[in-house]
Amino acid sequence: MAGNIFGNFLQLASFGESHGVAIGGVLDGFPSGITIDLEQITFELNRRRPGQSQWVSSRNEPDAVEFLSGIYKGVSLGTPIAFIIKNTNQQPDDYEHLEDVFRPSHADFTYQTKYGVRDHRGGGRASARETSARVVAGALAKQMLAKAGITLQAYVNRIGAVAIDQPYYDLDLSQTEKSPLRCPDPEISSAMEEAISIAAKTGDTLGGEIICIIHQVPVGLGEPVFNKLHADLARAIMGINAVKGFEIGSGFKAASMTGSEHNDLFVEENEKVHTLTNFSGGIQGGISNGEDIYFRVAFKPVSTLMKPQLSIDKEGNQVVVQGKGRHDVTVVPRAVPIVEAMAALVIADHFLMNRMARF
Amino acid sequence: MAGNIFGNFLQLASFGESHGVAIGGVLDGFPSGITIDLEQITFELNRRRPGQSQWVSSRNEPDAVEFLSGIYKGVSLGTPIAFIIKNTNQQPDDYEHLEDVFRPSHADFTYQTKYGVRDHRGGGRASARETSARVVAGALAKQMLAKAGITLQAYVNRIGAVAIDQPYYDLDLSQTEKSPLRCPDPEISSAMEEAISIAAKTGDTLGGEIICIIHQVPVGLGEPVFNKLHADLARAIMGINAVKGFEIGSGFKAASMTGSEHNDLFVEENEKVHTLTNFSGGIQGGISNGEDIYFRVAFKPVSTLMKPQLSIDKEGNQVVVQGKGRHDVTVVPRAVPIVEAMAALVIADHFLMNRMARF
Amino acid sequence: MAGNIFGNFLQLASFGESHGVAIGGVLDGFPSGITIDLEQITFELNRRRPGQSQWVSSRNEPDAVEFLSGIYKGVSLGTPIAFIIKNTNQQPDDYEHLEDVFRPSHADFTYQTKYGVRDHRGGGRASARETSARVVAGALAKQMLAKAGITLQAYVNRIGAVAIDQPYYDLDLSQTEKSPLRCPDPEISSAMEEAISIAAKTGDTLGGEIICIIHQVPVGLGEPVFNKLHADLARAIMGINAVKGFEIGSGFKAASMTGSEHNDLFVEENEKVHTLTNFSGGIQGGISNGEDIYFRVAFKPVSTLMKPQLSIDKEGNQVVVQGKGRHDVTVVPRAVPIVEAMAALVIADHFLMNRMARF
Amino acid sequence: MAGNIFGNFLQLASFGESHGVAIGGVLDGFPSGITIDLEQITFELNRRRPGQSQWVSSRNEPDAVEFLSGIYKGVSLGTPIAFIIKNTNQQPDDYEHLEDVFRPSHADFTYQTKYGVRDHRGGGRASARETSARVVAGALAKQMLAKAGITLQAYVNRIGAVAIDQPYYDLDLSQTEKSPLRCPDPEISSAMEEAISIAAKTGDTLGGEIICIIHQVPVGLGEPVFNKLHADLARAIMGINAVKGFEIGSGFKAASMTGSEHNDLFVEENEKVHTLTNFSGGIQGGISNGEDIYFRVAFKPVSTLMKPQLSIDKEGNQVVVQGKGRHDVTVVPRAVPIVEAMAALVIADHFLMNRMARF
């Protein structure tokens, strides 16, 4: 209700300010009997972590997760799984000058006005650091889904003006993690690096796109009419910091297509119903149809610039703001595991709920 | 949970199959003391209704809403407002041939597989007829919002290949309802009519886009981090039949922009904080900032075609399907009030919840 | 949230004022594939209905339920089941004198103060007539539970000073419905009739107790720690009009017992774990243990008296109020199906949720 | 949904097993701008803590709470308040013998059957240690309520056969905390000590009763019909370990009363509506009426006995169990702050929600 609890049955309560004691979460509704691979969770956290390459920030947050409950002898108990990630390496001096300032396109002004108080350090609750909790919970969800054969893969499709042209199924997605920018096409990846390098020189930042594919989702997930599977995915993804757009399947292209182009014809293959095309993006009437689910996400460029910008302070006085320390030129590569995590939570939630559809 | 209840505090429980006895809803959490204008609700229903022009279908559903509770002497009681719209003018014969058939890009196959049974007549629960309940509830929400000075306006920005080029603030939106297609630009509206006419001749259908603007939203609406205002809007809108994409503010364009282009600089005007540009779309950090909220929605073309398509039946046998009776070439103009209704429900819900942010 | 939606996964949205157009409900989350016995639902409604005997009121509400959705060819679709019961036989003249009056121990004053407006006719939303919607939804839940072998039985254990002494398992509960007061002991039933007769003569009213037993609940229902099965039952039952107390198993007697008296010892019988006694009331740690679940409920006497009482009106002026028309001397016998209905909704809800406990 | 998140708008996500790393909670929806008194929270935790007297256990859990988020410079931010209490002083050897055993009237059997796995150490998730998280969250709620003038007081009304006879308003409740058993009547308190002493000698345990009073609740709290204020209180209280019964106001006594005895007559005093008696317990039609809210709670005797009992293990073999270490003879005095905490959470939740009743 107050915005920090996510999910229908599988629920994540997330907490933490960027420079508070810790961030973390409580995952309720996770079923018992699942062996938890802690290394896999650390691997996912490291994918989100700053300082992975020269391009994507260089602060060094260790992001070590500690599990407090819900797992016993390596197996989930069916009770809430709580975890924390302590905030270390804080340099509050970097933020003192921002206490009374509203940075452009940040949440400073809106939080201050809504709540009357705020923790300005590092963006407080509005910091993307909060998404670490989502990555941990998503990693747990992935392990549950893996037991059902469901897997997720996301990749960077665009950084600024540089984008991949082909659809996902024409790419070799096994190359994604080999690219420092999580772009499966090596040439495009290099071009992206160049674009970032140019933006960095002028103290500017870049946005981009991520595409995510979910494989082997069984038919039947999704609760029409308001919790259509893609509607819940949209909410999950649009709730990630800096996301401005979401499309499922054909997306905005569908608006220019005719019905005869867009309709996915059914065939039966090996006694399984299948569609010849997949403009639907694996979801029809809000319910998964067994095809690949895929969606595209737009990220705006990072708001913190390394060059001066005009803004105002709480009293309305004009001030000049400029990022201190080191900040990401683009967050899109680091957002890949976050997108996967949120998608995994949605699919896992609906996977469980679908057990109740029939008597 | 099971998908038919929408909202956090202000909750709509929707029900009804296309060819059942009635569709309707129960709106809980609607505050007391609001004078209800029933004519305004009928007006909104008529905007959604088929048969408004030669282009957008020609079945003639009367869609008369009956209120059953929650209103006494014309004023809301604070108790649930229940309403029904009876299903009349049903021609079940039109659907008999579809009982065992999975129409392409419809919800036939997924419903059948999820539930094991379905009401195939007119799409059953998956029919867009269900959105009438949303329009009624949204009309109530609009009346509440109007008391707070908040208004919504949506319009058709694209039908198939024909689209408006300018941003919303360069259009004369007072012209929207004068166009049979709810396109505020008369020339584009005519071009859209032509495109529809051509599609109709070949038994084909068209998709399109709607842009919606919400004016005078006070600063502070939205519950970070998972119920960001645009995340809840995204879920609401993506849950409308045929929607494939959603973007807030700059949307997918943001992905190609730099931070210095995209940042909305703050200024103070008349002791009010204001931004010089509005790429944020009126929402920062998930919370409204007082600027116009605007978003764009993509609709796929109608799946029911007036020409034969190959498909399969329940047993996997190949069959040919073709729409009978009269169907919409495009639903986008009729979707305008539905988009507004869902947006109004989200804003009203957050308007109420925001009362709890501070002690 | 606003109080008119009940349940976790299986959710009932209830609506209606006593003298509005209709009362009814929308039951979401009811699984597909259950054959619905409409006569059984009418039977349950008739058990709740006034005018069943000389003692329990004599208004004649027909209470005919109409189903609007969610059932097709007699089978549940998995979509919301909506139903209405029209309010007929209203005699608003009976209530005109109460428009500005706060009747003692009614909800007149609290509703008026909370909402600023109210529908005073027949108690409006606070009328026990609202419980008809619960009985219908509960009757559906019972049919689902019956498929799993779970049954419920409630009976009147006390009217005023007249009470049954034995525990439920020493009674012949098959006699319950043969008694006009739903008391399975014929002698006690007669004594209760006499007590009611005496109270009626003086225009007074009586309270009482109901005991409810739920048989064949499988082990594992209940979600610790906050949705313990008996906690959800308590909320369900305490939300019935006029209920003042709830106890599970040993209840208040447990407070005076020692641990060695109260502990239920486990034994294994026919490879099934079983307890020798059942002070736990079939629930341990919030989870059903396979024994009978039983609980006791206290009802206060009806607040509307057929003799004059002092009260005040909205302006604080002293007034005299007295019931007009015919009112129940006691509602306890009519509350038996309501208690069963609410318990059935809770058990059905937890029955479904328990499917998600394990991977 | 899965039972570990409590509340409607103000939501507590609780986590932790007795002998895991830590227990704790996340409180979402707590409004911003409230100065937090940490000492008061420690005070409440100490009231719940074992080892307070010779009678109520003698393990020595330090129960030091650490706040991780949601508070900045001593003031609530409106973001989630997370806190943990580390589990120290664990003596797992005390529990090894219980790994495969089902202790009588404990949750061992039901957890094992529901989840297939369990953390048997100290009761795992079913341990009353979990209630520490409730006490912390309740202490926060109390601080919010105190700003609105609302206070809560609970006391021990019965231990085993020894009980207070007078109603709460005839007692000097300022004496409650001076009694080691939280019994405001010094003589009864001594008699209770004696009863405990006798039970201790035989290795037996005792149950009891708590009465809780909530003062200065404004008129209007409570959401009819399913979230009646006393229904939400009942769920909250029945969810506390060992609770078997709950009654509001007149409670079970109401069942034997007549309407003319039970009705609370309205009067106006100093322009405020008031009732001459308060059998309603401060709630009418589910909504607070401004009078004292009071309720009574029954606790069963502690299940762990210091004398041998027959039971079975997982394989159904007969075993003998007996508590090791030191256990409470009665938990009722320690449950006083838990009852207050849960009641405070409910009242605070409804206090916030009531802001939305009217436009």
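Residue numbering begins at 1 within each chain, and the chains themselves are lettered A, B, C and D in the order written.
Here, a contact is a pair of C-beta atoms (placed from the backbone, for glycine too) under 8 Å apart; a residue touches a chain by one contact, two chains touch by 3 or more.
Everything quoted here is computed from the prediction, not taken from an experiment.
By count of C-beta pairs in contact, C-D exceeds the other of the chain pairs C-D and A-C.
The pair A-C is the one among A-B, A-C or A-D whose contacts match those of B-D for more than half of the residue pairs. Per-chain Cα centroids separate chain C from chain D by 26 Å. Averaged Cα coordinates give chain B a centre that lies 39 Å from the centre of chain C.
Centre-to-centre spacing of chain A and chain C amounts to 46 Å, using the average Cα coordinate of each chain.
Within chain D, residues 1-5, 8-9, 14, 29, 32-33, 76, 78-79, 114-116, 125, 224, 353, 356-358 each touch two or more of the remaining chains.
Partner chain B is touched in their complex by these residues of chain D: 1, 9, 29, 31-34, 76, 78-79, 144, 147, 224, 352-353, 355-359.
Residues of chain B that touch chain C in their complex: 1-5, 8-11, 13-17, 20-26, 28-29, 32-33, 66-70, 72, 75-82, 84, 114-119, 124-125.
In the complex of the two chains, the chain B residues touching chain A come out as 1-6, 8-9, 14, 102, 104-107, 109-111, 113-116, 125-126, 130, 158, 160-161, 199, 202, 204-209, 219-220, 222-228, 230-239, 244-268, 271, 273, 275, 279-281, 283-289, 298-305, 307, 309-312, 316, 353-354, 356-358.
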